[in-house]
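Each chain carries a letter (A, B and C) given by its place in the written order, and its residues are counted from 1.
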Amino acid sequence: MREFALSADRLSVKRGGLLALRDVSFDVRAGEVFALLGGNGAGKSTTLLSFLGLLKPEAGEARVLGRPAHEDVTASRRQIAYLPEAATLYPHLSAEENIAYFLSLAGLRRDKTAISAALERVALQPAARTQRMERYSKGMRQKVAIALALLREAPILLLDEPTSGLDPIAIDDFNALIEDLARSGSTVLMVTHDVYGACQVASRIGLLRAGELVGVFDAPVGGRIDTDAVHAAFAGRTAA
Amino acid sequence: MRKVLLVAADEWRFWRRSRLAMLALGLLLLLVAASATLTALRMSSEAQARSQLQTDAEETYRSQPDRHPHRMVHYGHYVFRTPPPLAMIDPGVDPVTGQSIFLEGHRQNAAMFADAKAGATAGQMADMSPAAVLSLFAPLLLIAMGYSVMTREREAGTLGPLLAQGLSPLTLVAGKWLALASVAGLTLLPLMLTAAAAISKGESISATAVFAGSYGLYLLVWCTLVVAVSSLATRRAGALTILVVVWILLALIIPRFAANVAASAAPAQGKIEADFEVLSELRSMGDGHNAADPAFEQLKTNLLLQYGVASIEDLPVNFRGVVAQTAEADLTAVLNRFAEERMATEIHQVSLLRSFGWISPTLALREASMTSAGTGVEAHHKFLRDAEAVRFDFVQGLNRVHAEQLAYADDINRSSDPEAERRTRVSSENWKALEDFDFVPPPSGARVEGALTPLGKLGAWFALLFGLVLLSARGLKP
Amino acid sequence: MSLVLRLFRELRFLLRQRAVAGLLVLAMLLSALSVTTGLAEIAHQRMTLERMILADKADRDGALAKAEDWGSAAYSSFHLTYLPPSDLAFAAMGQRDASPWKHRIHMLALEGQIHAADTANPELALAGRIDFAFIVSVLAPLLVILLLHDLRAGERAAGRHDLLIATAGQSGRLWPIRASALIATLAVCLLLPFWVGAALAGTQLAKVLAVSLLVCIHLLFWAAVSYWAGARAAAGSVILTGLIGFWLLLTAILPAITRVSIERAISIPAGGDIVLTQREAVNDAWDLPKNVTMEAFGARHPEWENYTQVSRPFEWKWYYAFQQVGDQTAEALSTTYREGIRERDQAAALAAFSSPPALVDRALQGLAGTDTRAALAYDASVRDFHTRLRTWYYPKLFRDEPFEPAALSALPVYQPRDERD
């Protein structure tokens, strides 16, 4: 049997006493960019938190590299770099200090050049790197968080609304970065409510609605997913 | 104004729906009510018990059998300090000073048997008089209920829409302040009831008004402080942490720190050590028991001259009694000088302590409260002076009897001649001259006047913080 | 990464937060303040004692030089008794503010002398003082609460919580380490000034260790409570309000309730009654037939029964006999009074288990020898000494030994308990 990087197997998760995910199943292959699309409260973030083992499934399993995420959380989290929604790092530290601190939390050590290279890759202005993050704009904070995720050098990336708050140029840069990562073998699971952004980078899209997976779209070989179809499905005009 | 009330009513709706706020309010009201009831019961039973003890002491003294008057000088008498009516709320120094003084000839005794010495030690915060609850813990309630009045609106993003509705920042802040002030008013209810009871027990209305007013002003200071911090802080957690730290400093640390400073800046000699000096000064004077003491030579010459007689046996008065009178007066002058010095040192220390009231409203309130209630150090000093006046009067009254009713010949022979001894016993009727003692604190006028300075301190705090609130309201941004 | 390294990493990180650093500096400052004022107060007390010991000796020598017989020597010579501050008293003043720790007594009835209070300024006594015991028992819990309450809630509110956990691998690798780093630093901030103070005061190492252990245990208790409360998924401010309410309950409300209940349950005779009884007995003796007094005296001192004839109107042995009888009359009351205080203290010791702050305060007073037990022990030592005085003078008075001023140099000398041990 072929091993998937991430797989949700009849996953049901409760949050605040209510079922936030109901019987959701999908697999993400290694080196694939999978986007989960859905409106507010559809269960997107819940899915990510389940793979991180931060939420325990009510039924079913969220598996990381074939093993249930909550079984050995430390081991599964080691395989994952996570980019939270509206990522706020510590405002009293600079970008470099934040990155160094979080890396050491993960038990990793990267030298200065590696950190500089990562910040270069996300196009953070060099002047800002040593400034305290309390002065950063939302887009700059997001870039630092992405750089942190890159530096984890984890095989799997979980991204929660990665492009929210970024300007159009930064979004283009980001999309290029994701494609780059996928080419070098990383697995990306991102959640978003941005139909067009998802269609641009994802090889597959899962559509979540009210905690249920209502459809999966595949990209044709060498092409992109049909945006109109996804949009129509998202708006609820057709069932996929 | 209607809008202010509307904002206040809205805040109350928030509190009513917050379990934590209601729990805190209920708990503190219960605490104030319980401590007011317990303290009122305890202090009024103390007042009753002590005035009973006073009457008993007077009766015992007056019912002594016929005796040599000097024996009664040594027999002595007791006076008790009955607590004033407002001690039901603020017992003040009552638990740390003795409540009774033994009065006798040739000595000024200290007040003995303070409650604090015989009490159960249960940590450093076990004082729960209504005064302590209101001055220390009511501010905590105001903090717990009020830290979020403005920050909550800011965090929830409702501040912008509210202001966009055309509500002026000042109205909003005033409404929040009013809501918090009404909480303060609620916690003062038990105090008002007890204060009314104090008036019915004979406390003056003006002193009671100043007393209650100082608590009101104190809590308003805290309301204003809480609203100011809440409108300046950006986050709820930040506002609460700041307020708690401010409370720790103002209510817990500064008053104690002030006491440390006062004690070390103006060190007072203990009574035992001061007594060395008193003793050496007294030894240089004549012993009133010994009429032959050379110190009384001058007195003797003057008396002989005054009455135109040749020897003390011919004097129409008992020379020994005259000596006793003179010696007691001289000795009392010395003792009083030391006592006044000691009290002056204490007043100096206390004024140092109280000057910290400018930086701690809690200390200012304590001063206003004890001064207007008549339970502070001034009232205790008045008790000491009143007691000394009683002591001097009864001892000199006896010495007068000694001088006027006893024959000198009998007096000097009484240890060897039983008949002479019998004649030196004077009628117990003389003991009836003892005056009734009923301790009353300084007059209400003086107490009200004394409370003006600390009220000024509280007023300054209020004005300063009020200005801060106005300023923060003007610069209020979502 | 080793645990120690992780601890240091978190510490470095936490210290860069202004609020945390501010609280820790505040803790250190207050602790230093308490230790400094405590040391100054103790130095003041020791100097006072030194002065008084000299003045006492000079005064006694002067009085004895003028004495004409044994009786007047005993009457006019006073003896200083005192409880010197221990090497730890600077950290916990305890009962030294409320109970007397020095007296000057002579051979008259003791009950009339031993209750005299060396009054301190009552308004200062009421305000209390900042001693190390106050910092540790009352303030330290508040600092722990302020430092730990939003350990998680703060990160949750800032949106970092999930990222932190996902990065650290498991929550056990983060929160306990942060909490430990904070508490350990707080402990050092509180204890460092104390250690310096103890070194200056020459405190016994065992006591220093005991105090340090006590402080750590107390901090751990409040850390555990705050950690537990901080794990709730509530807002930081709600957790803080709850914790401060709990602090109020344990620090003020429960102790106040136990104190009032203990004082109601265990009543003690009014102190004034002891002195009144004793005085009445002494005063009445002047009017009583002398043999009544001497018989009452002989009942307690059978060894002097054969020497109790009084022929002259005034004899010193009769005078001191009725002084002793005065004490005997008040003995029952006085014993009940002291027993009552002892019982109240024992009950309070038991009740203190309901309030860690009260327990810590009492324990510190116990170690510093400034608790009620030490005050009672001092009281007992004064009584012992007074008995020694009587035992020394009685043979001379009752056997009517000729007065020998030289013999007075062999008078008993008061030895404070501490130095005798």
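By definition in this document, a contact is a pair of C-beta atoms (placed from the backbone, for glycine too) under 8 Å apart; a residue touches a chain by one contact, two chains touch by 3 or more.
All of these numbers come straight from a predicted model, not from anything done at the bench.
The greatest number of inter-chain C-beta pairs in contact is found between B-C. If each chain is reduced to the average of its C-alpha atoms, the one that sits nearest the average of all protein C-alpha atoms is C. The greatest centre-to-centre gap from subunit B, using C-alpha centroids, is found for A. Centres computed as Cα averages put subunit B at a distance of 25 Å from subunit C. One finds 63 Å separating the Cα centroids of subunit A and subunit C. Between the CA-based centres of subunit A and subunit B the separation comes to 69 Å, rounded to the whole angstrom. Under the contact definition stated at the top, not a single residue of subunit A touches 2 or more other chains.
For subunit A in complex with subunit C, the touching residues are 49, 52, 54, 73-74, 77-78, 80, 82-90, 92-93, 101-102, 104-107, 145, 152.
On the side of subunit C, the complex with subunit B involves touching residues 19, 23, 26, 30, 33, 37, 40-41, 44, 48, 51-52, 55-56, 59, 94-95, 98-99, 102-104, 115-130, 133-134, 137-139, 142, 146, 150, 153-154, 157, 235-238, 240-242, 244-245, 248, 251-253, 255-256, 258-260, 262-263, 268, 270-272, 275-276, 279, 283, 286-287, 313-314, 337, 340-341, 344-345, 347-348, 351-352, 355, 357-358, 361-362, 365, 371-372, 375. Residues of subunit B that touch subunit C in their complex: 20, 23-24, 27, 31, 35, 38, 53, 65, 67, 71, 74-76, 78, 92-93, 95-98, 100, 102, 109-114, 116-128, 136-137, 140, 144, 147-148, 235-241, 244-245, 248, 252-253, 255-260, 262-264, 267-268, 270-273, 275-276, 279-280, 346, 349-350, 353, 363, 366, 370, 376-377, 380, 415-416. Within the complex formed with subunit A, the subunit C residues making contact are 1, 9, 13, 16-18, 158-160, 162-170, 173-174.
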